[in-house]
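Across the two complexes that follow, chain A remains constant while its partner is chain B and subsequently chain C.
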Partner chain A sequence: MLSKDLSRFQRRSLALFSASILLTALITMFTHDYFRHPHHSTTGLLAWTLALLPSLPFLGTIFLALRYIGRERDEFIRAQVLLALLQGSFITLAFTVVYAFFENYLKIRSAPAMAYVDVFLIASMIALRIHLRSAQ
Partner chain B sequence: MKNRLRILRAERNWSQADLAQKLDVSRQSVNAIETGKFDPSLPLAFKLARLFDSPIESIFSDEE
Partner chain C sequence: MTCMPMTKAGRRYIYRLAPTMLVYLVFLFIAQWTFHHHHPTGVFAYFLAVLPALPLVASLAVVGLYISEESDEFERSIIVQSMLWGMGGALSVSTIWGALEDFASAPHLSTFYVYVFFWIFMGISQPFIRLKYR
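Let's look at the complex of A and B:
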């Protein structure tokens, strides 16, 4: 799945990014389902812990991204990563606008706030993959 | 910006991967510079000039 052209540092960083994205998505889905379940407690310390839980892998991802950008010596790859993160932000904004329209006018279920984080991370990773593939 | 990187590399029988290794960058970077998709920074341009033992202006030209 990962390109053999990438350095050990790049491969390791990509693997860590992927793991933290997956973790963010899984924890978001778990906590979202937990709070929607009628028999689960949604008050007290447990509720606070569960509410904070999805932000932890996302904060980890931000840390990994900043560390990667700071340490990446290959300027072309660094530029592609920054471009992909920007594109991920734009796609997330577009998704937010479209989803808000559906929420307001079609009365569909509101998305959990962390879903936007998932959209950002997944969109950024796909954008990066496309950039690196086009430079093959 | 145009460059003679592909020609200079071919004269030495180096693959993109060989050049990337000498420059300590990825093969994608070499490919992006050769195809004009990416303009290198000054430090990388100087590194290329030293490696090919040529002045920067003989490798890169500012014509589109």
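Let's look at the complex of A and C:
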């Protein structure tokens, strides 16, 4: 999929995905930096609004993914992307369930909630890569 | 998956999911009771901690089996779409809450809720997806 064979729509979707992921990283860094400052309060409406900011581009990513699946005309690629997303979902859910019980019974450190998105994205990307490679 | 004539694969899905949930309750009781009364350590503690998670992971495999066995293309598409909405919803909530936890001192929400939110959003999205095709 990462070749010259990409359609215009696929190229645009890929660019939008990359932009939203980059935006998530940038806003997260900005928010981290803001709250590290001792004079900035971590309570109140402004703090909650600022804390919500990094999740907005991620919500945009979900919207983009669903829009991509709905509009992709290449049935084969669409099926591969869907399968990879489902496998990514299964892996993420299995990871969270196992981690939750470790957290509960063994009192291990809580995983940052924003890390589940990374688990999902990495698992889905690896699954997609494997599917596309085995289909060649 | 409720309020509709059930396909063969749908029935198999229910027959597989029900015992999985029963096993979950039994394993959860065993783990809870043992941790409360015997305070296990080492490898045995890890084994006991992971025990109740196994049927929940199996329940995901049951859904995967349903998707692969469902011959009704429409029903399969509905389940796949609702699963994606379920995952999207669960990750959205965990991301928003994670940000509030990290930056705005919100209380910690157990990792287990990602699984719970997944099923809730999956259930909520199904009637809306069906509505789209009417």
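The definition used in the following text is that the second predicted complex is superposed on the first by the 110 of 136 C-alpha atoms of A that agree within 3 Å, B and C clash if a C-alpha of one lies under 4 Å from a C-alpha of the other, contacts with A are read in each partner's own complex, and residues count from 1 in each chain.
By our rule, a contact is a pair of C-beta atoms (placed from the backbone, for glycine too) under 8 Å apart; a residue touches a chain by one contact, two chains touch by 3 or more.
Predicted, not measured: the structure shown is a model, and the values here were computed from it.
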Q.
Quick check on the superposition: with chain A as the shared anchor, is it clash or fit for chain B versus chain C?
A. fit
Q) What is the contact status of A:Arg73 with respect to chain B (first) and chain C (second): first, second, both, or neither? A) first
Q) Of the two partner chains, chain B (first) and chain C (second), which one does A:Leu26 touch, if any: first, second, both, or neither? A) neither
Q: Have a look and say if chain B or chain C is in touch with more residues of chain A.
A: C
Q.
With both complexes superposed on chain A, which partner does A:Ser7 reach: first (chain B), second (chain C), both or neither?
A. first
Q) Between the C-alpha centres of chain B and chain C, what angle is opened at the C-alpha centre of chain A, expressed to the nearest 10°? A) 90
Q: Based on the superposed arrangement, let me know which partner A:Ala15 touches: chain B (first), chain C (second), both, or neither?
A: neither
**Q.** Touched partner set for A:Gln136, first chain B, second chain C, both or neither
**A.** first
(Q) How many Å separate the nearest C-alpha atoms of chain B and chain C in the overlaid structures? (A) 11
Q) Which chain A residues lie in the overlap of the chain B contact set and the chain C contact set? A) none
Q) For the complex, which residues does chain A have touching chain B? A) 5-7, 10, 73-77, 79, 132, 135-136
Q | Touch list for chain A against partner chain C, complex | A | 31-32, 35, 42-43, 47-48, 50-55, 58-59, 62, 65-66, 69, 82, 85-86, 88-90, 92-94, 96-106, 110-117, 120
Q) In their complex, what parts of chain B are in touch with chain A? A) 17, 24-29, 31-33, 37-38, 40-41, 44
Q. Which of the residues in chain C end up touching chain A in this complex?
A. 31, 35, 45-46, 48-50, 52-53, 56-57, 60-61, 64, 67, 80, 83-88, 91-92, 94-106, 108-112, 114-115, 118
